[in-house]
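Sharing a structure below in structure tokens format, with a few things to ask.
Note that the chains take the letters A, B, C and D in the order they are written out, and that residue 1 is the start of every chain.
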Amino acid sequence: MKVSLAETIRTYNQKGWSPATSTNYSFIEDGQIWVSRSGVDKSSFRAEDFIPVDENGKVMAPFEELKPSDETMIHVLIYRLFPEAKVILHSHSKNPVLISTKCAHVFSVGHYELQKGFAGVKTHDCTVHIPIVENAQDMRHFEQILQERKSDIQQHCFIIRQHGTYAWGENLFSAKRHLETLDYLCECELNQF
Amino acid sequence: MKVSLAETIRTYNQKGWSPATSTNYSFIEDGQIWVSRSGVDKSSFRAEDFIPVDENGKVMAPFEELKPSDETMIHVLIYRLFPEAKVILHSHSKNPVLISTKCAHVFSVGHYELQKGFAGVKTHDCTVHIPIVENAQDMRHFEQILQERKSDIQQHCFIIRQHGTYAWGENLFSAKRHLETLDYLCECELNQF
Amino acid sequence: MKVSLAETIRTYNQKGWSPATSTNYSFIEDGQIWVSRSGVDKSSFRAEDFIPVDENGKVMAPFEELKPSDETMIHVLIYRLFPEAKVILHSHSKNPVLISTKCAHVFSVGHYELQKGFAGVKTHDCTVHIPIVENAQDMRHFEQILQERKSDIQQHCFIIRQHGTYAWGENLFSAKRHLETLDYLCECELNQF
Amino acid sequence: MKVSLAETIRTYNQKGWSPATSTNYSFIEDGQIWVSRSGVDKSSFRAEDFIPVDENGKVMAPFEELKPSDETMIHVLIYRLFPEAKVILHSHSKNPVLISTKCAHVFSVGHYELQKGFAGVKTHDCTVHIPIVENAQDMRHFEQILQERKSDIQQHCFIIRQHGTYAWGENLFSAKRHLETLDYLCECELNQF
């Protein structure tokens, strides 16, 4: 998992989804959460740049000297709220960031074939709703915001306003599908504004 | 053919034409139809990911365990309706998808040098018409829609609304020409809306 | 020269400047004109795909079986009209094509630092003028059009309406500079329409 | 440093940030300033293409035969005005260039998570201001312009109108962060005009 996720991280960097060392990633393997280290340039992210944290986001021995991503608590919270999540991807792609400057609290999109990229969506002939949650630097505050919106989150992803996207899945393949589907739909709809 | 088409599939994936495992491809060799397997990430599509189907889209022995693309019936239908087709390409590129949100039933475009990329078009000094057909999840229904539009399809390609493009040719070279020509013309005209 | 120009051709193909086998290229070495062969996919263009032609565009022995680009006469004409030209590049990049749908007969652009990329332009503090010539399938007709506009062509390049760009230089380095400068300025100005 | 900065230069070239041989780069190592040579195609820039200059921008022995970038004086001036600068990057990316055609003297942007990419910015919940300085071919004149704006330059970067961006940092990592952050914010805000 470490190796294939590190490869995905480098590929997404080339797409411009993690400019300036931003973004963070995690996975659960054998019950253990692994989170990307803080401040690594994503163009050269390696399998060794994941570090283990406990369910409160605390770095585990013997890695206490290393700093996990500042947004580790968001990962831990997603694992708690959405039990299907085993891999979490974060992106700063401009498409959802720009959509979040156009929409109030929800990005609603319908009638695209590609929305079937979300697990459980079987037809283009419906509308899907992706919550836009407010950004917050204080992790406790953000935790509260996310918990309040939990029931709105139906497509394994959400947008943080003027910040980026979190998407997850039961494996890397599924998490990538959700992230790429959201990005595609945002790019298409941006053209309509 | 398998090897060169698989390479084309990976190249188109890098262009963003097959996000989130979407799209499908096929070819006829020695009278046998080969279709891409369902659910393969197109960034790593290999020659072995094609499976043989009969003219009704049924998987042939000894591959019955494998699942062909959900849209296999569209490929079979194109081979039946357009005898010149030996290679069929499908793309989810955003340019035709967005054009299909701007035009009613036909994308009409003229006076571009590149329209000569369509086999049979000899001058920029005319207008070509590319049908936009409605999307449908039910393959029988879609078959009916496509048959009704058959006589409108003059340039070896059509657009499915908010879904993507099918293009074909008598060989891979020709099919690529038609797909890339359509995409280019859609991108140019999007700028005019 | 063959090797480095072939490499440039493949690089420009990856930028999307030669979709669907389009575009053509040439150079003069030891007094001999070499032109790209017709119908080659530019993603795999090789040094061997250049063929020698005389000053009237006729293929020379022992290559008479091979077909030079349909636009060979444009290359021959540019060499005749602009003696500084030793390398000619052609691009179907969408930026100049779209500019040609917005401007009448000239693309005028000023106050960009990058216009110093045109040989002879020493400051951003002026306006440069790039002619837009009408497209024509008949080469004799096009020759006439180009000759009439000769005195307007001051920056080693021109745009053909809804077709593409020709740019040249005394060597490959200089020809690339002119082509890339024009493309950049077109892309910037498109944003203003 | 030479090797890793040369690699960054080639990567930025692929992004289209240095068309037509434009842009220039420098660093200080062991108290010595090294500047990129003039007229090198950035797609093939090598570690050997840096030459040492003194604090007045004069090329040092035994390199007197080589020509440093025409904008060497801008680098020297930035090192003098901003002591934290050890690496300086220059980009002709279209995003800041276009922003400079929309804004008067300052590009102000707020509420994006990514603005934390600027060293010292701790929250999305504020507005940052990036000066747009006028372009000038005369280096003495430009020096004067830049000195007058010095106190406005708070984020380790500035935009030159219709020209490009300079960004710097205490090391390559930090300089890249500032350049990529500015580019991202410009691209996002362009969408709002």
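Things to note:
Just so it is clear, a contact is a pair of C-beta atoms (placed from the backbone, for glycine too) under 8 Å apart; a residue touches a chain by one contact, two chains touch by 3 or more.
Everything numeric in this text was worked out from a predicted model, so none of it was measured.
The fewest steps needed to get from subunit B to subunit C, moving only between touching chains, is 1.
By the residue-number overlap criterion, the interface of subunit A with subunit B counts as different, with under half of its numbers used by both chains.
Once the centre of each chain is set as its mean CA position, subunit B and subunit D turn out to be 45 Å apart.
Taking the mean of the C-alpha atoms as each chain's centre, subunit A and subunit D sit 32 Å apart. Counting partner chains per residue, subunit D has no residue touching two or more of them. Of all possible chain pairs, those that touch are A-B, A-D, B-C, C-D. Residue ranges of subunit B in contact with subunit C, taken from their complex: 11, 111-114, 117, 122-125, 173, 176-178, 180-181, 183-184, 187-188, 191-192. Of all residues in subunit C, those touching subunit B in their complex are 19-22, 41, 43, 92, 94, 97-98, 101, 135, 137, 160-164, 190.
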